[in-house]
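So, here come the structures, one by one.
The same subunit A turns up in both complexes below, where it pairs with subunit B and then with subunit C.
On to the complex of A and B.
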């Protein structure tokens, strides 16, 4: 079987898992909570992209940008309305709110879109580009390139902008950040906005690969979560790399060993990795004060 | 008044009461209504299929009510959600039987969930008409109270196998399948008989439910280089596989189950006519949506559910509903479950509405529809062509 074709397809899927993992890691680093509604954020992004591109008729790049900005706005609103009032409650409470949010978003999507399945056309058609014997899907290239650009922009944002530095400070020590005058409430809002913006971007990119329906995010959430855990849960570079690893592992496993175990292969590898590195590939071993 | 006289009076009253209301003693039957329990996946991902399937049956029942009901009684539908989950479905059936006290139950689109609830019908002796679930084990071995007018999985497998035998030059097959009881049911008879038909399965490839990528499956089939590929996958995965098969240069023909009989819908999902141009699917409807054969049933559905998107699923529940109505009429005004069962057993060449078959039950037969046909897309990719049981070249 053509390994190069498998690798490209794995990297394309892995790019989406990476974006999902990034969104999860951002919220987890800031508020110590796993956002179980992140799959629905992806679905919302996909439907927003579909509506702007297919229904409103905007060009794809503009539809993409507007959809992810709206996704970001949704994230900010979620934090302000649903999480800010209970920000200091136990983490389990916050996690349960994300579960409720997942159902609420799914229900909200069913109001305008009903129970039909929608088709998001690919940006560049289905005909593959042949490089020797390797078939490369144009949509895969778009997915990989856009995901890498987003990840690069995110790293630059954290490294070079004041807001990015404030977010990192808040993630390291909320009390300390507040003491030096950082508006942590604003940081929470911005973190959620950024997380949902990335989730929405994953949705618009996943749309042409998948089919659109309100439950479409569940599988991506699972794979994204697996990547986040593999990467170290608090590591942004780890999330990015681990997502790609998950995508490639499942493609190689399915292609070279058995399609029957393709879906569980990544989880199997993750279990083995975590047995030896419980804090993930890029996570830091927790240090306890004695 | 003596104790003996009081006792005699009470006994007389009880006896009079029993004699006065014999027709109303049957659960779910009143002077003006017959309660029909209906369940299906109304929440969760599979509700995408659950609503249109149930709505087809509801449209028939509403139409009957609009015409005055059956023997002076209106049909009252009681809905429960099984969410395509075995435990929830069994609980839903229990509730319909025990709390709602329905006369009969017509429902079930998910095979495993319906099979999990099977014992409830058997133990409680409640007549059950399967809505759309295709697993053979639901109705075979037969039970007195369980009937189906849906083409069972084994029938679907037989229709596909008979068709494959007629395709020139096809000897080596690849199978792309979901790993679940639905696919197992379709493949059971197929697997038992393909060797006798001179065929060989050279690749058996699994595609996960809700898969969004079929690269490995398409490459595995391409590497095996079969003469034809059998698709035993749900519509979403079938579309993903066909899309990726086209992407990686895999050639047909592809033979699909009646789960993807709406080939026009499959075309949209797979990204265009090119992906489905050599796809042949088993079908148990008389004709595709929009064909003259379906007009009567389309009108009934659209009248009741004008805002629904019309799809093949919209007609799945109609044959069962029409059969239930026919048996209720035949059972007469003095309705009992035993009379209803006897009426069902006596149905011969019954009206299956939009379904391809004529309904045939007997004392020892509970699978009422065993006939199917094969569909494909026209050469321009815009209409569905009914091929009948054998392969033909599409011009």
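On to the complex of A and C.
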């Protein structure tokens, strides 16, 4: 296998992991909880995209936008219904609810889609573009470009809009944000909506690269975790960069050593990061305050 | 004193009553009763970690798998006696779990969940891929254990073995949670920094509780293998884990009774819902959310409030699950 081919495929997968990690980091920064239902959000996004594109027959860009908006709506609803009443409960309660949600979402997906496996057709055909000896599948390019556009939009959102600035303020200090008049409840809802919107986008993009089945989220969730941990768990640019690194490492491992190890690379990445650089590439050393 | 006295005699009567069950039940009900007892051990083990120490981990189903495979492989492939293999199953699960969780124990709580989630995938992967030893997806069939020259074959005879082991594990759990060790777990749950100031080595406590919990999972897995007689790697996946979480949360976090109540309810539920297996995950998920939001101490907590169950020493008023101001984030 050509190294450049592997690199492009790795970057395509990696940009999905980046999006996953971004969604996880956003919620973690705001609510101090890891969203274990994020894999199922991805699966929901993928199935929404599939249904809108294949069953309803919308053109792809419209199907994509509608699917991610619905994903965002789902996130907002989850926060409003399940998390607002317990927003001030300790970490373990919140984490347990996300676990319950992940099972519930997966179960809900199984009712219409059963245990079958669905195929999401690639957007621009199967024939790879050849650049010299390097084979690049058009889907990889679509994935990378869309992921980069989303990330760019997100950075702009955080830098220039009032809502984005309020979100950052809430992430730094909830009480302080509430004191200066920020409606923190609304910020929580928007954070979840944004996080799930990104997750659903990753799902729609992941559709053609993998197969569609209700359990598809677990793998992406694990790789997203690995990326988030590598990026420092609290850093948005860290999550982006680390996702790409995880994708490339995984592909190089799979292509050059053994494909069997590809599945468990997430575990080794997490363990190695924890051993040698526990606060990740971009995180700050944790400070305990009594 | 009075409570303790009642509990002891009531428990003894209950055990005697349970021991007579095989004479009354049909084969299928007996099998379900066996499973309930197996899940009592497993549920109590997870409760140590989740309920008593407040640590979040996803490896319990995988550790149960390690226990089951240890018993299965040792007895079937090496011909070692079941009575040696069962304790070894617990030890193996505790050792492997301890090594896997070690890097995460010094970090913030979230990391233990992340590491164990990936670790559980790794174990499942090993069980499937290491075909020379584990026979891969073909699964392992387990030879029935022998008591001297008497083979404990079939659901009725294996029941007494499971009952004895479960009672032992239950008594150990009650003793443990009321001892210094159990109190240190609760102290770590309530506030790590305060626990540290009181001379508790937080990392060591977390390691101990993780390994004890894994030991229970391993023993439970060994019994599970003996009950089913046949194990496959898929049996220790996410669905198994949902069941464990539901047992602990619905039964009651931070209560040994909770493990018993939870396994009683949640082992019978899937048998009742045999017609709709696809709805199982949805029901478990929704039940988990509802209980954790509205009834965080589970059924055991509810019964203790109404004085149906005796109070347990360190979990009378579990504040950690109720409203409490969030600790200020660093800025």
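The rule is simple: the second predicted complex is superposed on the first by the 279 of 290 C-alpha atoms of A that agree within 3 Å, B and C clash if a C-alpha of one lies under 4 Å from a C-alpha of the other, contacts with A are read in each partner's own complex, and residues count from 1 in each chain.
The working rule: contacts are C-beta pairs under 8 Å (C-beta built on N, C-alpha and C of every residue); 3 or more make two chains touch, one makes a residue touch a chain.
Remember, predicted model here, so these are calculated numbers, not experimental data.
Visitor: After the match on subunit A, would you call subunit B and subunit C a fit or a clash?
Guide: When both complexes are placed onto subunit A, subunit B and subunit C end up clashing with one another.
Visitor: Figure out whether A:99 sits in contact with subunit B (first) or subunit C (second), or with both, or with neither.
Guide: So A:99 only meets subunit C here.
Visitor: Please indicate which partner A:89 is in contact with in the superposed arrangement: first for subunit B, second for subunit C, both, or neither.
Guide: second
Visitor: Contacts for A:135 in the overlay, against subunit B (first) and subunit C (second): which applies, first, second, both or neither?
Guide: Only subunit B; A:135 stays clear of subunit C.
Visitor: Can A:55 be said to touch subunit B (first), subunit C (second), both, or neither?
Guide: neither
Visitor: Of the partners subunit B and subunit C, which touch A:210 in the superposed model: first, second, both, neither?
Guide: First partner only.
Visitor: Of the two partner chains, subunit B (first) and subunit C (second), which one does A:108 touch, if any: first, second, both, or neither?
Guide: Second partner only, subunit C.
Visitor: State whether A:260 touches subunit B only (first), subunit C only (second), both chains, or neither.
Guide: A:260: touches subunit B and subunit C.
Visitor: Please tell me which partner, subunit B or subunit C, touches more residues of subunit A.
Guide: C
Visitor: Please pick the stretch of subunit C from 21-29, 165-173 or 255-263 that overlaps subunit B when the two structures are superposed.
Guide: For subunit C, the clashing option is 21-29.
Visitor: On subunit A, what residues does subunit B touch that subunit C touches as well?
Guide: 114-115, 215, 218, 260, 263
Visitor: Write out the stretch or stretches of subunit C touching subunit A in their complex.
Guide: Those in contact with subunit A are residues 50, 54, 56, 103-104, 106-111, 113-115, 117-119, 121-122, 125, 129, 193, 238, 242, 245, 249, 278-289, 292-293, 296, 320-331.
Visitor: Where on subunit A does subunit B make contact in their complex?
Guide: My answer: residues 1-2, 5-6, 9, 13, 114-117, 119, 121-122, 126-128, 135, 137, 206, 209-211, 213, 215, 218-219, 251, 254-255, 258-260, 262-263.
Visitor: For subunit A, which residues count as touching subunit C in their complex?
Guide: Of all residues in subunit A, those touching subunit C are 28, 32-34, 36, 82, 85-86, 88-93, 95-97, 99-108, 110-111, 114-115, 172-176, 215, 218, 221-222, 225-226, 229, 233, 260, 263-264, 266-267, 270-271, 274-275, 278, 286-290.
Visitor: In the complex of these two chains, what residues of subunit B are touching subunit A?
Guide: Within the complex, subunit B contacts subunit A at residues 44-45, 47-48, 51-52, 179, 205-208, 210-213, 215-217, 219-220, 223, 235-236, 239-240, 243, 246-249, 268-269, 271-272, 275, 309.
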